[in-house]
Structure formats: structure tokens, C-alpha cells
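Just below sit the structures, each encoded as C-alpha cells.
Consider the two complexes below, in which chain A is the common component and chain B and chain C are the respective partners.
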Partner chain A sequence: MAHSHNTSHGAPAPVGGNLMNAATTVSAVLIAVMLAVLITRFIFGLGAVTNLNDGYPWGIWVVVDVVIGSAFACGGFSVAMLVYIFNKGQYHPIVRPALLASLFGYTLAGVGVIFDLGRWWNFWHIFWPGYANPNSVMFEVAVCISAYIVVMWLEFSPAFLEKWGKHETKKKLNKVLFFLVALGTVLPMMHQSSLGTLLVVMGVQINPLWQTQFLPLIFLLSAIAIGYGVVLFESCIASSAYRRTIETHLLDPMAKIMLGVLACFLIVRFGDLLVRGALVEAFKPTFIALSFWVENLCFVAPFLLVGSATARRNPAKLFLAGVAIMLGGIFLRINGFLIGYDTGPGWTYFPSVPELLVTIGMFAIEILGYIIITRRFPVLPREADHAFSARS
Partner chain B sequence: MANTNLLKLEDNDSIVAACKRLEMSKREFLQFCAAMSATLGLPQGAEAAMATAVAAKKRPSVIWLHFQECTGCTESMLRAEHPTLEKLILDVISLDYHETLFAAAGHQAESARKTAMAENKGKYLLVIEGAIPTRDGGIYCKIGGKTAIELTKECAADAAAVIAIGSCASWGGMPSTDPNPTGATGVAAVLGKPVVTIPGCPPNPYNFLSTVVHFLTFGTLPEVDHLGRPKFAYSRLVHENCERRAHFDAGRFAMDFGDDGHRKGYCLYKLGCKGPETYANCPTIMFGDAGGGTWPVGCGHPCIGCTEQGVGFTKPIHMVAKMKNVEPPLQYPRIVEEKGTGATIGSAAVLAAVAGAAAGAGAMVAKNLGLSHQAEEAEKARENQRPGEKAEV
Partner chain C sequence: MQAGENSRRRFLKGCAAAGGVAVAAGAVSTSVEARETRSRPAEALGLLYDATLCVGCKACVAACKTANKNPAEFSTLDKLWDTPLDTTGHTFNLIKMYRNGTMETKDAETNGYAFMKTSCMHCADPSCVSACPVSAMTKDPVTGVVGYEASACIGCRYCVAACPFGIPKYQYDSPTGQIGKCELCRHRYKDGNYSACAEVCPTGATLYGKTSDLLAEAKRRLALKPGSVTVYPRGNISGGKDQSYEGYVGTYKQHVYGETEYGGTQVLKLSAVEFEKVGMPNLPPEAAAAHSETIQHTLYGGMLMPIAVLGAMTFIAKRNVHHEDASDAVQPDASKEEA
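The block that comes next holds the complex of A and B.
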């Protein structure tokens, strides 16, 4: 089923071109800096490089690299769900690029968890039956994300198999691919909601604006919406960077679906705030309230940007809508985990420079990896018609 | 030991008489006996036996000798926090010779001792307070023309039991500290046989009283360890029941007098507390019976190990103790828990730079996308205006 659609659209093909350019060089430098910080961290401990403390045991490495990173990596899951579950075959050309971004996002999120583990050499304990605590939310998240990373590499492996000419293996894989695709839809739904449960577990330490029993649903809906937002963002960036045609005919209807999911999200979000009576917190003159409004303006902005059919044909507006929803996702998670988190008087946290450098390095890996793989492996759809250049 | 039911003793005539004598209420007296029996770790029924024995006023004769010491043991017993304790001690025993408490002096005092020894031959208790000097024939401490060695041997010969009270009598204590000019030593070494020792500087009067009452009730002394210390009081390390033990286990140590950890009541191990190598019941019954919270560790000073030969008066007070059980790791966590630093100029600048670069790049991408979209739209509009030219594209 997967490849039957390929024929009707441009089949995936390597973009080609030189790997040495400004973007890859800068990324490589940032990655080198990150590695230097990480070596220090793994030898001298978390205290040597981070501003983490007993009040804030989770900093940006967890919140940005893992929680936000994995939400940004939901493009593959959101699009795959659209294509394979809702049978919208026309979106098939964007499955692979979306999946690639997800693959990177999730793999790095999984690796990023290890950076934050105090006794990192014990990381395998959570998978070991004698050590694991199956009643813990962390266990669910850890096992689910790990399983999903493996599933995604298998889901994406046809791209490598095509490149290396292993067509027999690919044929065999295609027979079980439906199972992997199903798993690839179920697993992210499980752990994206559980990432919200992590906050539920923290109880009254989380500001009422973010502390609710509906957090799992809120996190899941936002992750799906962000998935589509990330696809908009990536498609526009890829077209802009590689001077390719924008698949507006796909992005336009997908943006409409995104708005639908986003509407569900906002109804649940504000319905919950109203029912709990927590919305009064948003009208107090605090930084937290300001951050709450910025977060929600970002989630409302896509309706203003791409609400009309005409606007959805404009790639600039699609791009900005994608950026807005991603920003909303960033704020929702940072607000919940750090800004709206109060563990008692006196405790403060702001990321240190080395912490920031690691997070920047993680994004640099994603960019560098994306460039190398799209230029060398069949991921992006083949450009059939070069008449419409993005530069014209 | 006929009666083993404490409550049945309430209307016993001898108990009523004892309570009147001691100016205690019946309840108070019986509670006291029950508590003492529990302190000794004796089985149920023993408290009734003790109450009966104390009330019976058998009053063993006690000869109390003082040698090289500061009288602290006697002082702490007489000035016990519990107003009835010294009364009870003086009621339970017949103190026939005690240099501090004697009204008599000189030959009168010495003859009192001799009389008591003759009258209670083989039945009296000999209590020795203070170290015994042995150098130069023991000439450094003489009473009534006799050296401490001679007195000890003379009095011990016909005693039912010998109790060495305080660290000095137990092994030499403070006077035996290097260079020990008088050759101060303990009772057991002079007599050449083991005696019951109740070390401490001073020891808790309860430990002495319990030992005596045990003797009074059962005719024997309580079970002792290899150093002659009653096991009911000296079988556990101070460290084991210490009120600051949780801080030790959590790795929270006072590093300096008056530092944050010290003010918060953290473990004093790093300040040289000898609790981990000292056997005594100070944490449970409090040192010197001075009341709750006033034992050394309770008021923020490390235990000096006064009940332990080779520790108290030997090791420097602030020298770190040799752990008898688990040793803590070499690296200690910080005392002051850092509560986090806010934004620094550097981190804020990096974050701002990233946000700025992202915003700039986003704006440029949006602008370019917008321009190309405009151009496409214009192209389409032109094509619509001139449909004939469409084929040329």
C-alpha cells in the first residue's frame, strides 16, 4: 500500500549537491562545542556544567531536548496517521521527510535523556525487569519512546535499503510494514500523553494554569497539531533552502486538518481552565500569566494566519503558521515544566551557557543530519517539473 | 520475688511506707521501678520484684572510696535532675563510708569504715571512684596513711562485689592520660580480677542505681561485657541511637562550629564525634541525667568517648572517629544546598542571540516565500490576462 501512491506523485530521490556549505559547517562547529561540554559533564557530573539544583532537577535538557524535541518530532506520526489510518494517500510524498525529522527528533530525545541522568551508567536499569518499576510514568515514557525509536528506524529503513540496492530485504520488510506503521501510531500517542502525566504527578508544584487531569489529552492533542505545524515548517524550509517547488496542494488541506486539531486542543484547554476556575490565574499581574497568554496567542495565531483558503495558498503564511504552533508547543511545555513550576521559596533555575550550548548542539545535529540524508538518500519527492523555481 | 504483679503492690504496706519515706506518690514509685526494670532489659515481673526489694529496705552497706578524681561522679549522682533520685540512692543503700558526704573526719571516719567492713563482712558493696596511682609504690594518693592500692585491696577482700564508678576507676581515665606521671590505673588492674565498671565522665547515675538495685533484688550484678561494663547500658554504640543519626545516613555533616550545618543540627562526625566508636546509652537516657537535649551531642558538641578506654582522654577531641560499623564515603555532599542561580549575562545573551537568530532567519524565510508567492501570483494574473502566451512558458 505504501508504494502504490509513489507512482502518482514524484517518487523519493536524493537531492544531491555539495555537503560542504555554510549551514553544515556551522552545524558541525556547534556539534563539536556540544561534545566538549558533554565530555565535561560525563566526567565531572551535572553540577560542573548545568544550573540544575535539588529544586529544579529537570532543566532545559529534559524540557527542551526531550519533551519539546519529541513533540517537534511528531510530524512523522501525525502524517503517517493521516496517510495510513485515515487513508489520505495524497499526503504520501511528505511521509518520508516528516518521518526523517521524527526519527532524528526522537533518537536525539532518547539520547538526550542520558545526558540528564545523574548516574548515567545505570541508564539500562529502567529496561531491566529486576530494576524497572512498571507502575511509574517514567517507565512508560522511557520504554515507549525507546520502542518507538526502533519502530521508526524500521519504518524509515526503506530509504536506506533503496539507496544500498537491497530490494529483496525491502520487499520482505514491506510485508510487515503495516504492523510497524500501526505501532508507530500507537506508541507516540501513549508517550506523548504520558509526558503530560509527568506534570500531573508533580501535583501542586505546577501552577493551576497547567496542572490538570486533562494534561495527557492536552499534551497529546498539542503534539498532533505540532506535528502538522512542523511539517509545514520543514516543507517551507526545505523548499526555500533547496530551491524546490512547495507542495502547496498538499500543505493547504493539511493546514486545514491542523486547524481542526488545534481547535479541539483549544476547546479542551480552555474548557478545562473554565470548569476548574483556574482562568483567574491568567488575569493576575504575574510573569506566569504573561507567559500563559503568549503561549495561547501562539496557538490562536494559526487561525488568523491561515484561516482563509487564500491565505493557505501563500507559503509564507503557511510557514508562519507552522512557526506559531511550534512556539505555542514550546511555551506550553516550558511553562508547565519550568516557568509554572514552583517547588518552594528560594529555588530558581535559568539554564547555564554550557546547558544552552548542548541544546543548540542537539538542534545542529538535526539540521546536519537532515541535510546529509536528504542530499544523499531518497527522502524528498523527486522534482518532476523545474518550471516553478522558488527563486523565480 | 514472690509477687510479680506490680499493680497488686499498690496497697502493700511496705510500698506505702517506702513512698512516704521517699516523698513520692505510689504511682510515681511503681512507675520508677518499672522504668528501671525496663532500662535493665529485665523480663516482666522483675519490676514488682524490684519494687518489693527497694521497699523492703534491706539497704546493703556501701563503702565508697575516692582516689585520683574530681568527685564528678558523686556530684552528678547527688545533683541528678530528678529530685528523688539521690534520695532513692541514699535510701536504697546504706552509705557507711563516703569521704565527700561524711560529717565525721580523721580517725572517726576511718573507724566507721572498719566497723562497717566488720559488721557486713562478705555482704557490703565496695564502690571505687577515681584512678589508683601505682608508680613509686602508689605514694601519690594516701588516705589515713594508707595508699590507694592498700585501701583498695583491704576493702575488696571482704566485699560482696566491687563496682568501679567513672572512667578513672574503670581504667585510669583522665589521670592516666599520657604521660601519666602517677601511673594511674583502674581497679581491675590493681585487684588483678575483673570488676563491674560503670565508665563515663561522669557516668549516668541511673546506670549506677540500676546496677545496685539489680544486686539488691537478685543478689547478683547484671550481665557485663569483657570490660566489666553492664550490658544493659554499654552494649550499643552512641552512634546507633543518636538523635542526629539520620543526618549521618543522609550525608549531612557540620563541618565547623557555627556553620550552617552545625546550626541546623547536622551530624557532628566530621567535628570529631566519637559516637561511632563509643559504647554508652547516652542517646537513650541522656548523659549525666541532665535532662533531654542537654547531652553533649544534643547541645552541638561532639561526643568525646568518655566511656571508652583508648578513645576518651586519649584521642584528640576533634579527631575523626574510627567507625565501628559502616564508614561514610570520602566525598561529602555540600552543606549549603544551592538553590539555583538566575540568569547570568552570558546565558541570557546566548539565549537572546539564539532567539534573535531564529527570529531573523524565520523572518527572512517568510519574506522570501512571500515574495516568490507574489511573483507566482503576478505571473498567473498575467497569464490569465494573455491566455495566448501560455504555451510559451
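The block that comes next holds the complex of A and C.
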């Protein structure tokens, strides 16, 4: 059989179980708090709830909720690329859960943008020919992210169509799935790189450690690596929360691929710093330099944690490697957008409590959504099918 | 479950395609289609601010408020008069003060004080215009004035982040906040007026006119002997009635700020104190907007690259996405009928 490598997977199935538990209740409360803050924001303006100012016009709602949030949502993109572009069929069982997390991450990032827009009712102008400015990096980011969100919902819709028994629609969708998959690879490449390019126009205001023409490549490679890191992280969490066997036979080779991408990233990153002579900045006695080293230690840590084949079979180490790379991603982005950003003396920014509550609320939505969907829709591989042996 | 020769070849092909994308992205910095830094339009309008002439009367600040219908802003307990500490969404022009030591001598770097005007520089290649996703920031092709259109703006504040002079400011205190910045009083031209700050300036420290005329005037001043007497125009250097007067020449730094910074600005400045000390950043001659748009155009020019990559990905995905990828979940043997 031509596609034999695909047919032995554990088919996705709902996990089942109760939706009312501690995790969902806490999430619901956090979401309610977030809504209260947002109501205040929309009635009284951004200044009423945030610490944003003209020295730091972008705070955590942009940098964490959108820039970092979307990078964390790259699991779907990274795994789909393995399965469909590099034809690594064995990763098929983790495509759906990864795609689900991506779907949530991106949809929330897209919605989160609205909270931050000072004149949100004009948002559609970005897509309108008379207004749109294709020279603007923000334009490119906005259009690609929006398109990717739509593509992902379509890519993911088989899970809903199965649940609702719409097999005809599903069949039709499957015929064009390959094109959705292709779009789902190209669009994230475009906007994940552009999220880095966003910094270029800020020019000399960005510290030379993060201001380079290679920002697009650096952000793209880091996003792909983070995608695998997030899958490691999520797989370990899902396994422990739902008391399922951990998919070490998949996570081990995937971690190896992740290290490969990470190595490319580090070569580009440090090669660029050396060529530009910017590395001297990293040896100045500044907080910025410290933050730079923390960022890069996080990116190097996975090599120490899961560099050996034995270590890669240890779920705890896989989990930690995933966490390290995610932290590296957080630091790269916060360093570039906030810590390494200097608009002149007198400006400071630290997120306000309400600002933090909104960001926390966004993560709560993600967790709540993930729980509801995996318990009620066929997303995670059926546990009995999980090992290679049993097939129903 | 073993990967056959076939799939290995496909894997390599996939690698090659993905590698191509990476290489293409990496080629950004060596691109031949680099977008050059733009220069000012021939008829560019602007201001010349000469800090050695400024007496700090702030008539220009008050006139700017009136001309733009902006409210007073307070920084003192007794809210008696307009005392903003920086430009804001409601203050587009401000005179700031440099102080050092005993502050005895005007325009001395040590133990002295000096003034500096803060307002939009009307850059030749403005970062704010390049950044704005919805063309709410525009550069007039004839006058070069950088204008703002609130009805188009989405309030993303990318312009605020992008401007190297920290000029566009957002009104955080309002649910419908706008960006506020100097537009060189473009709304007053049709009544025969020009920039309010230059109209009211008693010393000609703020002078309005064509940037080419202003640049010539700035260079004339730099060539004069400090302490000698010369004629200073006031108001509009490129027309209108003659309001010139005689005054002493200051000890200028030999630098017309704005002549080359980021490709040049339409507002030019002269100072006796080092520009960085009075808050004007050290900027290279290439505009950040040009760097940013070079990347954008290399990657997305004519959408050629994205379409090529999409084509390659579609080709590969078509071979690798199997019908059962989505449907084996419910019909384990669906693949047999389709394969």
C-alpha cells in the first residue's frame, strides 16, 4: 500500500471526561477579570488601564500577546511542515493537537490586536486598497496573519466536520487540503519573518544587538524552532494532565530536528553579530547585555539538555528543552521590542496590573479552549491506538 | 512504517525547497533592488530653527496651540497656564531648555543654557510614513509636508515607535485618541498664512520657507564670523514682507542639523551646543525607512517570491498530503478507495 506509513496512526478521538474542574474554573474566572479590564479600556481609553506612553507605545499586549503569542503558536506550522513538506508521515498523530494550539494562539493574537488599537473601528482599512500601504511591514504582518487564521480554521475544520457528521463537506475539503497545507506553510514564513522586520524601521532606536537586516531570517528560524519546542512542551503537559503515555518515539526525533533548526538559528544570529561587529555591545556592563546573554543561554540550553540520544528519551528533559527554547523566544522578542529599544531619556515602561490581567486572561482562554476541544472533539490520537501495535 | 527510497528522495526535495527559501531570505542584505534613501522634493517647505537667536519666549508654543486648537496642559499644581513638559498628543511644538552648571552664559555648553525646538522634522524619507499600514501618515509629493489623517488611522502607534525624533504622540487619555503632531500648519496655507510658530517668532529663531532657501541661509550663517553683525530675516524667508533686523552672529557648531540626517529633513536646525546634548539624535545618512522597504521589496516585490514558494510548497504538498490524512480518523480504510 502506497501510503502505508500513514495508516498505522492512532486515529484522533475525543478524550472525554468532565469539563468542570479546577483548571477550567480558574480559567473562567481569569477570563471574566480580563473582560472587566477590557470594558474599562474601551470606555475610557488605553491610558486608563495600561502604562503605555509615547516612549513605549507598544507594551505587552503587542509584544507578548501578539509577537510572542504567535511565535508560540508555530507548533502547527512546524509540524505540518515536517509531515507534509518533508513527508515525515510518522509525525501525523501530532499534527492535529499542534494545529489546534496554533489555531487558538493565532486567533487570540488576532483578536488581541484589536484591544491594543487606539482607533480599532478603522481596522478594516488595512485590507482596503485606498488605505493599505504595502511598504509598511505592519501591513504585511496584518494581512498574512489574518489570512493564516482563516487557512488554519479551514485546515482544522475536519475535526468539527467529523463531530457534526458532515462527511460530504469534509470530503470536498480534503480534495483541496494540499493547497491549504501549502498556504499554511508559506503564510507563517511570511509573517513570522516580518514580525522581526517590524523593528528595522525603528532604526537607531534599537540596540545593535537586535537591529539587523537579518531580522527576518532570525525571527523565522527562531519561530520554527520554537514551534517544535512548544510541541514538546504541550505533548508533555497533555500526557501528564490526561494521564496518557508520552509519545517519546516521536518527540525524540523531533527534538533532534529542533536542535538542527536551532543550530542554523545560532549560526545566523552570531555570524551576523560578528560580521557587523555588534558583539561589543554584549560585553558592556549593562542590563541590556545581561538580557542578551540570558536570551542566548536559553537558546543554547536545549543542546545541553537533549543533545544526547539517551537524554532525548527522558520526558523531563524533553519538557525542559521545550521550556528553554520558549524562554529564548520570549527574551529575543522582549529584548528586541522593549529592553533593547531606546527612544531617549525619561521614558520607562513596566506593564500595569490590568495590562497583565488581560495577557493572563488571553492565556486562560487558550487553556480553556484547548481543554474543551480535546475533551469533546477528535484531536488527540486515540490512546489504544497510540502504540504501533494495536489498530482498530 | 519504514521510509522507502521514494520518500527519502521526497524528503531531500523538500529540504532543497526549504533551503531555497532560507537562502532567498538571507539574500536580503545583498539585494540589488535596494530601495535608496529618498531626498527632499524640489519645492520642499520647512523651518529653520536657530537656537542662538531663540530667547525662549514660547510665543511659538502658544501660537501652535491656537493654530491647532489644542487645550492647555499642566505640570504645576496651580493650573494657571500651559506648562507641558514634552510634546504630547495635544502639544505639537515645544521649546526645551539645556542647562549646565551655574547656567550663567547663553549658548555655552558648560555653565550655560540653551534652547531647542521640538516638533516634527518633516523628514525627506519619513519613518512614520513607511511604518503606517493604512496611509494615515502621508508625505505631500510637492511640499513634502508630512500630514496625518485621523479618519484613516487605526491607532496602532507604529509611527510613534518608528520616528527617530519621538514626534508622533498618541492621546492615551481618550477612547477615541488620535495621533498628534506638527503638520507645518498645512491647514493655514489656503488663507495665505504659514506656520504659526514662524509667524509669531519675534527673533526669527523660527523661520519658515522653502527648505532650499533655508539651507542656503543656514550655510550663510555658519560662514559668518562669530560676534560680527549680520541681517536676520524673520517670518517667511521665501516671500512676504521684509521683517529683517540686524543682530550678532552666534558661535555655531559647524553642522546644519537635518541637512543629511536620515536622508535629510525639511526642518533644519543650528545650535551653539552639541546637537546630541540638546536632544537631537545622531543619525546616519541612510533612512531606516529605506532599509525596511528594501527588505519588504526584496521579499515581496511583485509578490514573486511568495508565489514561487507557494508554488513549490503546493507541488510538494500535493504529493505528500494523502486523502486519508484527514479522514482516516473516522474511516480507517478510506485511503484504499482513493489511493
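What we mean here is this: the second predicted complex is superposed on the first by the 378 of 392 C-alpha atoms of A that agree within 3 Å, B and C clash if a C-alpha of one lies under 4 Å from a C-alpha of the other, contacts with A are read in each partner's own complex, and residues count from 1 in each chain.
One rule holds for everything that comes next: a residue touches a chain if its C-beta (ideal position, glycine included) is under 8 Å from a C-beta of that chain, and two chains touch if they have at least 3 such contacts.
Since the structure is predicted, the reported quantities are computational estimates derived from the model, not experimental observations.
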| item | value |
| --- | --- |
| Clash or fit (per the criteria above) of chain B with chain C on chain A | clash |
| Chain B versus chain C as contact partner of A:Thr185, first or second or both or neither | second |
| Chain B versus chain C as contact partner of A:Thr24, first or second or both or neither | neither |
| Which of chain B and chain C A:Asp54 touches, first, second, both or neither | both |
| First, second, both or neither for A:Thr348, with chain B first and chain C second | first |
| Partner chain(s) touched by A:Thr169 [first = chain B, second = chain C, both, neither] | neither |
| Partner chain(s) touched by A:Leu356 [first = chain B, second = chain C, both, neither] | first |
| Partner, of chain C and chain B, that touches more residues belonging to chain A | C |
| Which superposed partner A:Ala11 touches (first chain B, second chain C, both, neither) | second |
| First, second, both or neither for A:Lys88, with chain B first and chain C second | second |
| Contacts of A:Ser146 with chain B and chain C, given as first, second, both or neither | neither |
| Residues of chain A contacting chain B in one complex and chain C in the other | 52-55, 346, 388, 391-392 |
| Chain B residues touching chain A - in the complex, by the definition given at the top | 337-344, 346-348, 350-351, 354, 362, 365-370, 372-373, 375-376, 379, 393 |
| Touching residues (chain side chain A, partner chain C) in the complex | 1-9, 11-13, 42-47, 50, 52-55, 57-58, 81, 83-90, 92, 116-120, 122-123, 125-126, 128, 130-140, 142, 158, 162, 167, 170-171, 173-174, 177-179, 181-183, 185-186, 189-190, 193, 197-198, 200-205, 213-214, 216-217, 220-221, 264, 268, 341, 343-344, 346, 378, 388, 391-392 |
| Of chain A, residues touching chain B in the complex | 51-56, 236-237, 239-240, 246, 313-316, 319-320, 323, 346-353, 355-357, 360, 387-388, 390-392 |
| For the chain C and chain A complex, residues of the former touching the latter | 1-3, 7, 10-11, 14-15, 17-18, 21-22, 25-26, 28-29, 86, 88-89, 127, 130-136, 150-158, 160-162, 164, 166, 169-178, 262, 279, 281-284, 287-289, 291-296, 299-300, 306, 309-310, 313-314, 316-330, 332, 335-336, 339 |
